[in-house]
Amino acid sequence: MYNLPNILISTVFVFFCAFPVFAAGGKTLIPPTDFEAYDTPSDNGKGVSLRWPASPSESIDTEYVVFVSRNIDAPFVTEALRINSQTMYEDNSDFKYHYAEIDPENILRKSSAQNNQIRKKEKYYFKLAITSGSSIVETGKLASALPKSDWFDWKKLNNFVLMISFVALVLFFINHARKSPNLFIRKISGLDAIDEALGRATEMGKPALFVHGLNGMGSISTIAAVNILGKIAFRIAEYDTTLKVANIDPIVMSVSQEVVKESYMEAGRPDAYVEDNIFLAASEQFPYVAAVSGIMVREKPATNFFMGYFYAESLILAETGANTGAIQIAATDSYTQLPFFITTCDYTLIGEELYAASAYLSREPLLLGSLRAQDIGKGILIVALVVGTILTTLGVGFVSYLFMAG
Amino acid sequence: MNFLKRTIPLIIAFVMGVTMALQYYVPHEVSQSLLKVVSRWGITIGGFAVFLGAYSLFHLHLTKIKRKLPGWGYSTFVFLGAGITIVFGLYNGGEFFWQDKQEGTMFEWIYFNVQVPAGATMFSILAFFMASAAYRTFRARTNEATILLIAAIIVMLGRVPIGTMISQYLPIAADWIMSVPNMAAKRGILIGVSIGAIATSLKIIFGIERAYLGGGD
Amino acid sequence: MIERLINLDRRIIFMFVAIAVTVPLLAKFNLPVRTTRDVENIFNKIDSLPENSHVLIAFDYDPASKEELQPMAEALLHHCYQKDVKVIGMTLTPGGTGLAVSAIENIGKQYDKTKGTDFVFLGYKTGVELVMINMGENIYSAFPEDFQGNPTLNLPVLEGIDSLKDFDYVVDLASGSSIEAWIAFGKEKYGFDLGAGCTAVIGPDMYPFLQSEQLNGLMSGLKGAAEYETLIKQESSAVAGMSPQSVVHILVVLFVLFGNTMYFMSKRNR
């Protein structure tokens, strides 16, 4: 069923299409000589790619219009694409070809009355026209494509190969560590100082405060911080000191409660565990800062741990802590906040040392094995960077393509 | 119990970790639907977690008030602040919470006249702390520290309009410091951090790192 | 004496900072603002958009960062409304709703823009990257209703918008980690142009993304907002804030130089 406006539009379109070359204001519109449509590779089965050579009539006031239809015999009334003729050139085609990706089902659904109807996958037909002012000239060729879903995104192949290689490397060294457990790990003073800091808290009869940044449980920094929390809680339970954990995220709080509880149980002190000591201080950044700073000023913890990902609150927390005379140990992979922690804390773990802390404290061979894999991975990247820089400087650019994001 | 608290979570971490890592490489609509479902689960769980947080906050402060612990008076402000805001939020300017959100309500007044200035005050403390931290720590003790000190002064002056008035080259020098030597150092840290993050993710997926489940290793 | 000056009571420093902020604000003098390429890129992108294009502005900041990010939001909105671009607002921070609504609606009124037709504020949704993925699949599923409870499906302002990739430009104004999330889960997955504004503290974090062109432009701190105000020729609170900021920077430099002089004098005495 076609409504009146559609019939009018199609009549006008058919009328104009009857003339292959049309004079507009003294200018002749020459349509592109070719037009192709094909399933967009490596996509979710919705996209169709359109490609056509540039027309000699291209100018600032000339446009390309692509019409789409489900049926080869039906009138082509729905515009799938309308672009200025001097835009959307295909990459590396030297302005000789145009390229566009469209979602025909979405376009047709929006223009149709039954726009929520789910349809079976079908072929779409396309017509290309060049237009200027009121003149429109179509290419002779009709293009069609059936979009298909793909099971692999080939643009990400390099990424996939790198991932598999790194996974293999990590697993190899973990397995290797199982056989020869005495792996060397360099000294990290900030982690060695944990015992000293907790000893001080015990002597002074003051609590230790643990803060794990602003990120949620989905962040690797927070997971690393929670891993360290478990080790600290174990020592705290042994020393019989109070541990306070101020949270900003309720999920992190629940996980921290569980981790601390288990550590106390492992240390044989389940009675010393107080759930209220692992609490939600506030759920937003600066109210959280106010709450934690308040705890520091009122309760004067002997030791403050800042471990995780931090933002603008880092300096306020660490400076307040320094002013109360606490021993402060920070660990963060947030490099903009590192200068603030370095200036105000006694020890600061930089970047990946935060992730290594769990392995360092537990000396678990399997965890140490992954550190070796990290070092090898870093070595490979450094070599790739140096070689890539030299080759690119010499005009050989393939190394950049190997690492290009898909 | 160990099966429920250890084995099941480790299986879930492994299955979901591997699936979602591979999902990144699969553009098929099945994969996209899976991503959509998992993201909705995440949003739903996040929604429920708010109740856990609220419970913890109120329980902690209620205990402080009940036991008259030092500083218990501050805890009353938690209930006072939360109570007033919730009441006005539900009252919704007389239209109550089941109606669409009204404009110009008491709730909005509290937001603009209490929350906004209080938040801005906390943030502004940063400027004071930065000045005192800079005074205490920026000392030309070594050659490296001297270079850092000079770079900091150039960046501080080059980043404000007055820097241009002192010398038109100051902003250019500040931009160069930030985008060349500063960036080079940061990229080094970033690469290390990224490799560390991938390795930690793998340890979690393969159940090698399990301290986050509690109870050490 | 020198030792006392080296360990100067921080409250004295605080007092000097307070004076350095207050006096220029009371004296009211504006300093000329030099614009930078990163801010110009955002300006040029919005300036090049045709009428009725769609710009998504994510107000991902809370009241604490208002002084730096609200002037940015307001300058951006002025520019969008001047260009007759349709503005779609949203936030991933629960405390950001009030500031976002007031900016979108109050500035919209100045240009006789209509809610639902020229602009809409979709409100807050929990989940950060999960919300982005949801919006990338279908914006109406992520936000079935706008902030005021109107169904979004038939809003004229969203005509032609199905998901994130339909936006002509997305700008994230952030006080936290949302810019990285917008890059990883928004731009890289759904391929749209992304610009950002952030607090000065996290500004340097974003430079790698500018060089990799994952961000087309960046406004960093109050200076970024002042540059945007200068570009749209509507100098307001951000430009006014440049004078106290300049004076405080000079003060800190003087303190650092003073501290070092005292340090070397004490070393010589020893």
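Letters A, B and C mark the chains as written, and numbering starts fresh at 1 in each.
By definition in this document, a residue touches a chain if its C-beta (ideal position, glycine included) is under 8 Å from a C-beta of that chain, and two chains touch if they have at least 3 such contacts.
Keep in mind that what you see is a predicted model, and the values were worked out from it rather than measured.
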**Prompt:** Using each chain's Cα centroid, which is most distant from the centroid of subunit C?
**Reply:** A
**Prompt:** Which pairing of chains accounts for the highest number of C-beta contacts?
**Reply:** A-B
**Message:** As a quick test, compute the distance in whole Å between the mean CA positions of subunit B and subunit C.
**Reply:** 17
**Prompt:** Which whole number of Å gives the spacing of the CA centres of subunit A and subunit C?
**Reply:** 21
**Fill in**
Among subunit A residues, those touching two or more other chains are 218, 283-284, 286, 312, 335
**Complete:** Residue numbers in subunit B touching two or more further chains are 32, 42, 46, 50, 118-119, 122-123, 126, 130, 132, 136, 186, 190
**Prompt:** Multi-chain contacts in subunit C: which residues touch at least two other chains?
**Reply:** 10, 62-65, 95, 129, 201, 204
**Asked** Which residues, counting only subunit A, touch subunit B once they are in their complex?
**Response** 42-46, 149-153, 156, 159-160, 163, 166-167, 170-171, 174, 218, 220-221, 223-224, 226-227, 230-231, 234, 247, 249-251, 253-255, 258-263, 265-266, 276, 279-280, 282-284, 286-287, 289-290, 294, 298, 312, 315-316, 319, 333, 335, 338, 340, 343-344, 350-352, 354-356, 358, 362, 364, 366-367, 370-371, 373-374, 377-378, 381
**Message:** Give the list of subunit B residues in touch with subunit C in this complex.
**Reply:** 32, 35-36, 39-40, 42-43, 46-47, 50, 100-101, 108, 111-112, 115-120, 122-124, 126-128, 130-132, 134-136, 138-141, 149, 152-153, 156-157, 159-165, 171, 175, 178-179, 182-183, 186-187, 190
**Message:** Give the list of subunit A residues in touch with subunit C in this complex.
**Reply:** 106, 110, 214-215, 218-219, 283-286, 309, 311-312, 323, 334-336, 405
**Message:** Applying the document's contact rule, which stretches of subunit C touch subunit A when the two form their complex?
**Reply:** 10, 62-65, 93-95, 129, 162, 175-177, 188, 199, 201-202, 204-205
**Prompt:** Which bits of subunit B are touching subunit A when the two form their complex?
**Reply:** 21, 24-32, 42, 45-46, 49-54, 56-57, 59-60, 63, 70-71, 74, 118-119, 122-123, 125-126, 129-130, 132-133, 136-137, 186, 189-193, 195-204, 206, 208-209, 211-217
